[in-house]
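First chain written, first letter: the chains are A, B, C and D, and each begins at residue 1.
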Amino acid sequence: MIVEFSIVPIGKGEELAGPVARIIDIVDRSGLPYQLTSMGTIVEGEWDDVFGLIKECHRRMRQEAGRVSTHITIDDREHARGRIQGKVEDVEKTLGRQLKK
Amino acid sequence: MIVEFSIVPIGKGEELAGPVARIIDIVDRSGLPYQLTSMGTIVEGEWDDVFGLIKECHRRMRQEAGRVSTHITIDDREHARGRIQGKVEDVEKTLGRQLKK
Amino acid sequence: MIVEFSIVPIGKGEELAGPVARIIDIVDRSGLPYQLTSMGTIVEGEWDDVFGLIKECHRRMRQEAGRVSTHITIDDREHARGRIQGKVEDVEKTLGRQLKK
Amino acid sequence: MIVEFSIVPIGKGEELAGPVARIIDIVDRSGLPYQLTSMGTIVEGEWDDVFGLIKECHRRMRQEAGRVSTHITIDDREHARGRIQGKVEDVEKTLGRQLKK
């Protein structure tokens, strides 16, 4: 399954690049395929691997802030693998052209 | 922490009351405090209890549908307990009046 | 359509009951049917009415904070009206029992 | 502001690349900067431009399906421009390395 998540500390200032970088370090070490976008982090894997990772990231953020707001979206489709790039490529194929990356 | 989640089967028809009722049965048996709203289910508990429950609900829905879209929102605040009602009551106290339930 | 939204100021402190109360005052004056939950505000109406309201609430919060994070979920179903209570009642009917409010 | 949105038809089949491609065509013609990811579409612009676009995309999907579920996330920060790439680059700068695109 593909999962997008974003973890935001409440009440710790507007600048989030530092906290997000510490989260991405954890994601990177997990070995799961991932993509960082301007709105969240997209990972692909089985439930326990993905949610073990998100739990670790959320807890890390809670060490920095007394209140944390986390949003998670799951797209879970039978037999789907390699879909972080694959879903975008399917749309490009239907459109008959490549999109900006 | 308080967690709202919604689990939607894709491609299985527009009418969702039946699938949602089967999910609510699982939530009810979990023993966690919860509230069903028109847009999702709100539960309160520790990470492992809440995500154990959501995993079970998500898997149940995947037995009915080959593709499932799940959204989860976490509000995790230090020392916060009894917040499904408490957060609404805090806003009512600030407003100086009760809101429709 | 039914729409749930939550508007969170980033970097302005952990306590959100005050800012949320000011938003609810705006929602209340709009005349649209609504419900405040611990995780957001649910309103029902046509696109322009609902998004006119959310724009006003979001702008109000931006006067208090230099950065604002807003989440919106739409459930738009043909001919559906009175669904803030109706959807929960449909699930209760399927379950054959009433849920806690 | 930066806004991510995803528009999903309920009950019209599991395969969404076709409907999503028709949405992306509308986004592309809008002239707003955008990025398609596996989990949604990210656009940058002022409120009225962004929500005029999302309304048009949502309505297009409603012509194909009697029920549509749309999720929208806004990150609105004062004076922020060019942030679809900029936010990712800020994290890379903090990490001291480039991330996979």
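Simple rule for what comes next: contacts are C-beta pairs under 8 Å (C-beta built on N, C-alpha and C of every residue); 3 or more make two chains touch, one makes a residue touch a chain.
Only a predicted model underlies this, so the values are computations on that prediction, with no experimental measurement involved.
Engineer: Measuring centre to centre, with centres taken as mean CA positions, what chain is farthest from chain B?
Structural biologist: D
Engineer: Which integer distance in Å separates the CA centroid of chain A from that of chain D?
Structural biologist: Averaging C-alpha atoms per chain gives centres 16 Å apart.
Engineer: Express in whole angstrom the distance between the two chain centres, defined as the mean CA positions of chain B and chain D.
Structural biologist: The separation of the two C-alpha centroids amounts to 26 Å.
Engineer: Could you grab the centroid distance between chain A and chain B? Build each centroid from C-alpha atoms only and quote it in angstrom.
Structural biologist: The mean C-alpha positions of chain A and chain B differ by 21 Å.
Engineer: Can you pull out the residues of chain D that are in contact with at least two other chains?
Structural biologist: 14, 66-67, 69, 71, 73, 75, 77
Engineer: Is the way these chains touch best called a line, a ring, a star, complete, or other?
Structural biologist: Contact pattern: complete, every chain touching every other.
Engineer: Which residues, counting only chain D, touch chain A once they are in their complex?
Structural biologist: 2, 4, 6, 14, 17-18, 20-21, 24-25, 34-40, 42, 71, 73, 75, 77, 83-88, 90-91, 93-95, 99-101
Engineer: Using the touch definition from the top, list the residues of chain D that touch chain B in their complex.
Structural biologist: Interface residues on the chain D side: 8, 10-16, 65-67, 69, 71.
Engineer: What part of chain C is in contact with chain D in the complex they form?
Structural biologist: Against chain D, chain C makes touches at 47, 51, 55, 58, 62, 66-78.
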